[in-house]
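Sending over a structure as structure tokens; questions will come in a sec.
Labels A, B, C and D are assigned to the chains in the order they are written; within every chain, residues are numbered from 1.
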Amino acid sequence: MCGIFGIENHPEASGFTYLGLYALQHRGQESSGMVSWDGDNMRVERGMGLVADVFRPATLERLAGQSAIGHTRYSTAGASAFLNAQPIVVNTANGPLAVVHNGNLTNARGLRRKLEKEGSIFQTSSDTEVILHLMARNPREDVVESLLEALRVVEGAYSLLLLTSQGLVAARDPNGFRPLALGTLGDAFCVASETCAFDLLGAEMIGQLDPGEVVVARDGAVRRYQMGKAAQPSRCAFEHVYFARPDSQVYEDSVAQVRTQMGQVLAQEQPTDADIVVPVPDSGLCPALGYSRASGLPFELGMTRNHYVGRTFIQPQQSIRDFGVRVKLNPDRRLIAGKRVILVDDSIVRGTTSRKIVRMVREAGAAEVHLRISSPPTRWPCHYGINTPRKEELIASQHDVEGIRAFIEADSLGYLSVEGLLGCLSGAPESYCTACWTGQYRVASEAQDDRQKVLFPIHSEERV
Amino acid sequence: MCGIFGIENHPEASGFTYLGLYALQHRGQESSGMVSWDGDNMRVERGMGLVADVFRPATLERLAGQSAIGHTRYSTAGASAFLNAQPIVVNTANGPLAVVHNGNLTNARGLRRKLEKEGSIFQTSSDTEVILHLMARNPREDVVESLLEALRVVEGAYSLLLLTSQGLVAARDPNGFRPLALGTLGDAFCVASETCAFDLLGAEMIGQLDPGEVVVARDGAVRRYQMGKAAQPSRCAFEHVYFARPDSQVYEDSVAQVRTQMGQVLAQEQPTDADIVVPVPDSGLCPALGYSRASGLPFELGMTRNHYVGRTFIQPQQSIRDFGVRVKLNPDRRLIAGKRVILVDDSIVRGTTSRKIVRMVREAGAAEVHLRISSPPTRWPCHYGINTPRKEELIASQHDVEGIRAFIEADSLGYLSVEGLLGCLSGAPESYCTACWTGQYRVASEAQDDRQKVLFPIHSEERV
Amino acid sequence: MCGIFGIENHPEASGFTYLGLYALQHRGQESSGMVSWDGDNMRVERGMGLVADVFRPATLERLAGQSAIGHTRYSTAGASAFLNAQPIVVNTANGPLAVVHNGNLTNARGLRRKLEKEGSIFQTSSDTEVILHLMARNPREDVVESLLEALRVVEGAYSLLLLTSQGLVAARDPNGFRPLALGTLGDAFCVASETCAFDLLGAEMIGQLDPGEVVVARDGAVRRYQMGKAAQPSRCAFEHVYFARPDSQVYEDSVAQVRTQMGQVLAQEQPTDADIVVPVPDSGLCPALGYSRASGLPFELGMTRNHYVGRTFIQPQQSIRDFGVRVKLNPDRRLIAGKRVILVDDSIVRGTTSRKIVRMVREAGAAEVHLRISSPPTRWPCHYGINTPRKEELIASQHDVEGIRAFIEADSLGYLSVEGLLGCLSGAPESYCTACWTGQYRVASEAQDDRQKVLFPIHSEERV
Amino acid sequence: MCGIFGIENHPEASGFTYLGLYALQHRGQESSGMVSWDGDNMRVERGMGLVADVFRPATLERLAGQSAIGHTRYSTAGASAFLNAQPIVVNTANGPLAVVHNGNLTNARGLRRKLEKEGSIFQTSSDTEVILHLMARNPREDVVESLLEALRVVEGAYSLLLLTSQGLVAARDPNGFRPLALGTLGDAFCVASETCAFDLLGAEMIGQLDPGEVVVARDGAVRRYQMGKAAQPSRCAFEHVYFARPDSQVYEDSVAQVRTQMGQVLAQEQPTDADIVVPVPDSGLCPALGYSRASGLPFELGMTRNHYVGRTFIQPQQSIRDFGVRVKLNPDRRLIAGKRVILVDDSIVRGTTSRKIVRMVREAGAAEVHLRISSPPTRWPCHYGINTPRKEELIASQHDVEGIRAFIEADSLGYLSVEGLLGCLSGAPESYCTACWTGQYRVASEAQDDRQKVLFPIHSEERV
């Protein structure tokens, strides 16, 4: 997962892109980057770490110009991290091109092999770079035509932004897997993964890009194109479950409202006798509140999250039981002891974290621990941009609900149904992708297991 | 404010002190430090920034030994920041001495002047160092006697830890202004500002140190001393209002329960007609929940906090209204629009932030904004360790409640009463310090306005 | 100018490449880089600064494998510095390729434009990358054939090393503009810009690569190829004047001996009445010694060089006359005062530095200052890899010797003649390039004035 | 050894101190520091590494004021390096005091123990700090009186600078062990270890401070005091042999001239049959030139020094014979092979480096290697500020000249005599300290073997 933001025709393009990325920080903390265009030059800055660490006042000053696009990247493994930090910026016969991308191209590997055989040299191991090479191979006077040509052969999930000498281009794949919202701010246009970025800037949302739509902003005016390829809308519903910020609007709905509603439906589908409803913070807050409302059981802030926990935590040598989770989450014995607790969380992946949480809550004195999950069992890996583990590591692909319950040592376990979940969303049920719960993949993927990044046998760690 | 932690007789003393500081990070984010003792050497590490930034695996390995003490420091202004990072470690004729301190000595300036006239040379501009010089001037075979001698002339607020060649020493001032809890972990003793540090380590709380108590831990055994000076217990009640983590026990009470109770009493004292109760996160969460329960009005998570906001945020040049607050807090229009909103926060200092929040909520469409504060008006500066501004900057010392309401542009404003607040705590009402609300200072301060750190005309920024 | 080094079939390939670069540090101080190959992976490290700053023990350990090539780069202007640090490492359909290059391709711009029109995307603004793209476009089973094919269309000056999955490849252009020496070290082969790198490692020199020769080292065996293109040998004579280390053998001659000989011929060609001969250290040392011997005048170390002066020197605001030179060179009043001084330096570029030196020596009390230059007047820019300014900035292209003398304020000025200089070298006079003195360029250049690096409108400064 | 510099009454005091330290960099490369005084505040900057690394333009701007003192420190072992970087700056009842020191106090350990027993707390393990504590214990209205009082009990070698609110104070011990020169620059006074610092600034030397002299510069005027303690002048002659820069005047003599003269006397005292005279660069350059002149044998630059070698050189794992020396010095086979070589160096300490050099020269083909040393055998450790090893590690304290010759494997070895050396200096022979050659220590030392820095059992590594 990643967050992307762009702005065109604004005197403080880099400063506002910085703010936009700040608001999208929850979508990726591994690396950040930005490129600006001042009519003559593109200027790039990329770095490992949070937006606040990568950009300094002097950096933003250097990134001159009236348009800019930026990127925050989710943690991925391996030494290739910096090499793959976005934006990717290249020079072509038609001038410089920069791209940021949220999603995953499902036929990138094959396209890359073909391009390499024809003599193309890739800079990164990222699937995103394929688009640039396709564009470089088919230069047109109008860069949008070159892009449309390239997107004709590309498959999979992409919400992407291009910075070119002909304007800022935004594109969303024909299935519309990932969100991408368009907004205005005075004379400027802006584009963002989520609307919370608009709120921070004081921008107004115009709406989401349609699936298959390409938008070009230049000098404060916008042209909109529709790709020829028709496809069934397949919007990621997991954005609403977990990924998006609660104060964003994603597709047509308020995330916070959808999540609270999911908790209410969950209470109806999976009721149980208990004393209190406790959220696993932060993503369990809204559904737990909904569960409490629908069930009439009191809502208690019985777990505290340490928001200072970063990526570089040092484990003590001496084993502390459930330590990795405990440093982030602490149950409050004084609120929990002796109570029958309904814990509400958004999802279960491998099951190991859930087991640790259940154990911690029990050790804090809970009489019973009932886990309720505000989404269906996650049984299939995502091929469209969410970094899930392989199928065999997903506990719900290996066990039924009772098996999972036994593994996580809860007194009971209940999931929200697919129908229940889709009923909380405004769109037609068939307009959402539910592949991670149902296995119904709407776009085939060339490589289900192995990871694209292994392809590239050069490991680079640069030092400036 | 600061957080302190120490552990004695543990094979991973530095690793566990790191964890303890991690859990106390909310008490100070400016600098962190630790000193360990291995029977022969003291080893020190101090740095600007978060615990996770200052300590690396190699650092913790270097900090060898079975005992250690550490410190996290709240943000203070000025170039002297690093110079004053704790622990302070010195060498005396009786061996090395290290100290960490939470609190404020009210007669440090006079004592320092006297010591300097006698030829003592101070390393820092911190009040804490006075204690070390007093001890160096009165060396005794038993380091505790030397400490007791020093504390006889020292006045004010201190919860402090000393690391010496004779053991780890913890002391709490006779008024017991600041908390300090004692715990056990297997064969080790540990001491912490708050019990959430014990929870993380799996340590058991024994209890708070008594006011005026000195505890010495050596080789896993503990001796307890009581200072001769009697004084009225004056425990800081603001720890419960704002400073402590909700999952800590402070003095005799659960912080989360006290805060929720404060919200309930606040609803009784300051009711109003409205549609929803919205907390200002994170410290308003518990009292808003209490207010919702007592009033029967629905609790809504109508504001989202961006937890990635650090200290180095870059302001855009172009003015964005209420920008500084907006980057941290975003009201959710979809939950708030058209509603009469009761906002619950813990306190008002200067009033400027509250005004920005009220404005933002109104711009997000709230029909009415009623602000409720879960503590009495803050009218007096703290002399006992909390970093409040001067009296004249406190809005409640300049205006009555109606004047404040007008300034912050709320439709109504209500504070919790002092009696109401004290009624939420288990201890006798007179055992708490209420000086910041009532002006009843129980220990006189030599210098009410000017800051001790200005005393020292050397500004140092070292680079290694 | 740059220094390049490579080694094949050595268990400590990266460690020995580090040493080789260390010995070649005088050929470039701006950036350093290295790539290693372990049979499966290429690993790269590049950084700004000296070899000793860029490489750490952990870096060398990471750069595993039995073969490696490295590069030190001379200071160039602009933000593109890091982007262009070598080695350049790319992935092609035939596997990874890495290259380091000393020289300058005279038709790179045209080749690049052509390749870009065909869809190639360049990573750097360096001329060197053209070779890799040409190879990627013409993959052959034998990488050497692919290289020979590429070199067929490339023109200009290049001594280059390629690291490939098929071995280490060294190539020297048909004119042999820049030196490149081949050596053995036990079972390993090594290649270096200068033989002083061999001395440090204890390697034995086999000889220089012939102009137009390509050598492939694989598993400790060597194959040698000759390009079809015949060309007149055009070895850079300026290597002997200034660039090479005095303890190197370049082409067929000892640099120190050639330089001393130049001083002797200079004394014969440009005698004058004086008291002492003083070198401008360090490059004037050898020719001054030669001048002293031939003239019989005493050699005095009358100027001291501060070897700690780096690139980041801070200028005082208050003007100090001739400050920039003075911090590097200090004349010794006690040796110079009252004397008629013959100053010996290797060359004059713009004349401003020489004027400052003449003034300083005069201020130190010299009765007369006679400047003698151990090379002919530099009138033409180099197109073959030495970073000279534009023609109009070269003082000798604007003034005759008397005009230069007047500008630098010397009492007399004398240059070595081209014939005199060539007479000091063992090779046939026509086998050396003298273009910077005579304007006789043997390979035409597409772009005499503007700089290739301006071509690329992306400025990148990455932060890891 | 260290270099110190100070300036008073100059608008760019910190900038000029930076330059002064730059010129004194050869006296210490481990750490650098500076303190400035603007009439109200002292501002300090210290850091590990070269002057050019520690100070940035922003640093110098921060170090405001019309007076400043600075320090460059020679490499010492251990973790205490940064702790002991100078200046030491403290606050006393009489205001702030800063000190930089070149030398070694021979009774510091006893004084420190006494002060600690009286309650003083030391910040560093440096002998220098004792002076500040003595001054703090005896405050006088006139800081010079306080200093004179302190110096009454201090013994040993010191050239020191104090920055105080009453002016810049310079003091030289009664024996005058270490140099200290006074100069003027317009309305400013400056003080430096060596006059090469004056040359860079364009300052005029007034002369050396007399032994036992104290000079106070304030507002551009100077007062001079003489300590009561009389002592025999004992100026360090090793400054002329090795430590000082050749272009400095030390005491009454030009260093370059003295060194050349030493080479001439050496040639007379220790003649031999040979073909060429080769200096070991850089310190052997002048004496080799002198030897060549007196002997009539040709001077050859037969060894090249790599000036890029820093402190962090990485040794290869595979053993290279004589590697540590070879990376710094490379003999030139083409100049040496077949020749009978007289190598000239300034001194022999342990003999291991000399042996490596002799071997390298022989491997480069020398027919014979005759080593000539331009000082007498170093038999005794220095107690007055030069960092020599213990007596038993000095090869000349364990072996006679023939034994040393055998160890270093030279064909012959000859040293300059004490009388010969003193004859090259202008001062009376008895006015120089010759303790390292003769064992005639003129001031007793409390601790001949163990090192003061071991005294302090706190190891500190701070991170900002």
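By our rule, a contact is a pair of C-beta atoms (placed from the backbone, for glycine too) under 8 Å apart; a residue touches a chain by one contact, two chains touch by 3 or more.
Just so we're clear, the structure is a prediction, and the values are computed from it rather than from any experiment.
Distance from the centre of chain D peaks at A, each centre being the average of the chain's Cα atoms.
Remark: chain A and chain B have CA centroids separated by 36 Å (rounded to whole angstrom).
For the pair chain B and chain D, the distance between C-alpha centroids works out to 50 Å. If you average the CA atoms of chain A and of chain D, the two centres end up 61 Å from each other. Those residues of chain B in touch with two or more other chains do not exist in this structure. Under the stated contact rule, the graph of chain-to-chain touches is a ring, a single cycle where every chain has exactly two partners.
Working note: touching chain pairs come out as A-B, A-C, B-D, C-D. Taken in their complex, chain C has these residues touching chain D: 11-12, 15-16, 18-19, 22-23, 25-26, 29, 50-52, 55-57, 60, 196, 199-202, 245-247, 249, 254, 256-257, 282, 285-286, 289, 293, 298-299, 301, 303-304, 306-310, 312-314, 316-318, 320-321, 326-327, 330-335. Residues 40-48, 54, 62, 82, 89-93, 95-96, 113, 116-123, 132-133, 136-139, 456-464 of chain D are the ones that touch chain B when the two sit in their complex.
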